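Take a look at the structures below.
What follows is chain A paired twice: with chain B in the first complex and chain C in the second.
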Partner chain A sequence: MTTIKVDCVGETCPVPLVETRKAIRKASSGDIIEVTGTHPASKKEIPMAVEAQGHEVLEIKEEGDTWKIVIKIR
Partner chain B sequence: MNKATIVVHSGDLDKVYSALIIGNGALAMGMDVSLYFTFWGLMRLKKGELETGSLSRMNFLGLGRWMVKRKMRQANVRTLEGLMQDFIDLGGKVFACDMTMEIMGIRKEDLRQDLISEYCAVGTYVKEARESEITLFI
Partner chain C sequence: MDLVYLDNAAATRMDEKVAQAMNPYFFDVYAVATSEFGYSLGIEAKEALDAARESIASVLNGAGEELVFTSGSTESSNLAVKGCAQALKRKKKGNHIIVSGIEDFPVLNSARTLEKQGFEVTYLAVDETGLVGSEALEDAFTDETILVSIQHANQEIGTVQDIKEIGKMCKEHDVIFHTDATHTFTRVPLDVSVIPVDLVTLSCHTLHGPKGIGALYIRKETPLDKIMDGGFQEFDVRAGLENIPGAVGFARAVELVTPQENERLKRMRDTLIDRLLAEVPDTLLNGHRHKRTPQNANVTFHYVEGESITLHLDMRGFAVSTGSACFSRSLEASHVIMGIGGDHERAHGSVRFTCGRYNTGKDVGAVVEAVSDVVQSLRKISPLGKGG
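Take a look at the complex of A and B:
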């Protein structure tokens, strides 16, 4: 089990979604993916994409303009 | 089948952006995606021409295009080349219309063969489109 960090701070549509998907494709079952970013819509859309693919959103944290989404691969 | 099939008929910069952003978005949601490049869209698959389309409106002989490109750089929007690479990396498929190639006199050597997964005609598109949940004509 590994933790993969994806840094999308300062990136805009569709990069945070795309980079999250790249990480999901590389991950194996049980892995944790932490995506950080600032693009507001992606904070909503990444969890949608994660759930559509049957994975789990463990946590969504926010600090100022930066958010962090923690994903567990099923 | 969880699939999106998009016809890229326009070669305009803004419309190719739409196609690649939607295509990448659908891939990111876990869908299969096929882009069918035809007519003016296929021109963007010629070597060195991906980024060269004009704006569909307010191009003003390239001035509008230049301004939009500059704004995009400031907003840190990924280039079409980058989005195309993402699309391929995420398993998206690129189809080139062979009739367009014939009538426009385009040879395979003129095209970005590194991006294209298949050269095809309307039958392939219809077959894929009928099993797709999303189909768009851009």
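Take a look at the complex of A and C:
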């Protein structure tokens, strides 16, 4: 199991989702992807998109303006 | 996850029959046509090239010697617009060109380049469906007009122009008429013995043919300067070694299109348009409802961005595009949607679905359901209003 970190701090929509999609393509079953960002809309649409693909959103953490979404690849 | 590919205006899956037709010209008859004077393999290559030329030209009701192979639509339109404008300016016929404001980039940017070189260019406005008005065109002609370039159908919204009427007007003004038929060739009839058009851009990348090959129909006696220096290939109009496999593949791709296929595409298009407009609230069809290519449906989904829709659809296994293919890496507003009177929101919310040979009614049903769900979910988080 590998943890892949995706840093999208300061990036706006659609970049965080594009980068998350790239990471998912590289990941294997059981891998963890941690996406960090600041764009509010991306925080909502990334979980929506990855769950539609059947992956699991383990956690959404927030610290100030920064959020972190932790995804487990199915 | 199986891919449902609905971006057939950008590129198509090549038909195996096309690949089979091309194959011998990679491995057996690999000479170029210019070698016909030297050895037999060259003669075979030249025969294949000429047969492909005749076959493609016959679909337009033109002659083989009126068709020049190029590397694709971009080169064909560059050759048509720049080559013709330069030849006519050299002959001191005038320096004014008319293009529609919603042309694809090869024509639009060729016109912009010519403008920098001192040509006068009129960018014609279109109506809300994308059609060029005959009055607007008539008003645009001046004594200096030498060339009109108006596409047969639009790359994004699929609107099909009345090129017969436009051609007649050009003839009345003794002006050369070029049309970009990239998105209509074999899909919408174009007979050069009936339609007074002098130059026609053609390609097969939307017809399940290979990429990297295109053609320009050039009516006999049409003034045209070469735009690329080199050898004397293609009747001394287009320099460069001939792409024999490409030309053979192009001809085979054209042969494989049938009227039945076009009818099937139309049915899928109509179902797509009718269901999207009926089942997804706050939607708007872009382009003309009936005067459109058989394969194109383009819909704006208000309060959401087309970029987001395409990304979410991709993650569910659907390939569609927002605006023209060129926009997928930019958030520039589509000049086509803006040209038909749309605002930035309408342009950004537009999604193009283009069907092809390998799509089925099941694909259409599946994409409608996916779009409906994605749009509904995105609207709940949309910063553009109309939330949840």
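By our rule, the second predicted complex is superposed on the first by the 74 of 74 C-alpha atoms of A that agree within 3 Å, B and C clash if a C-alpha of one lies under 4 Å from a C-alpha of the other, contacts with A are read in each partner's own complex, and residues count from 1 in each chain.
Throughout what follows, contacts are C-beta pairs under 8 Å (C-beta built on N, C-alpha and C of every residue); 3 or more make two chains touch, one makes a residue touch a chain.
Keep in mind that this is a model prediction, so the values were computed, not measured.
Within the superposed three-chain model, A:Val18 lies in touch with chain B and with chain C [touch as defined at top]. Contact with chain B, but none with chain C, is seen for A:Gly10 once the two complexes are overlaid on the shared chain. Of the two partner chains placed by the overlay, neither chain B nor chain C lies in contact with A:Ile71. Contacts of A:Gln53 after superposition on the shared chain: both chain B and chain C are touched.
By the touch criterion stated above, A:Ala27 is placed in contact with neither chain B nor chain C. With both structures placed on the common chain, the touch criterion links A:Ala41 to chain C but leaves chain B unconnected.
Shared contact residues of chain A with chain B and chain C: 13-14, 17-18, 21, 48-49, 52-53.
For chain C in complex with chain A, the residues that touch the partner chain are 305, 307-308, 311-312, 314-316, 374, 377-378, 381-383.
Within the complex formed with chain A, the chain B residues making contact are 21, 24-25, 27-30, 75-78, 83, 86, 89-91. Of all the residues in chain A, the ones that touch chain C in their complex are 13-14, 17-18, 21, 24, 41, 44-45, 48-50, 52-53.
Residues 10-15, 17-18, 20-22, 25, 48-49, 52-53 of chain A are the ones touching chain B in the complex.
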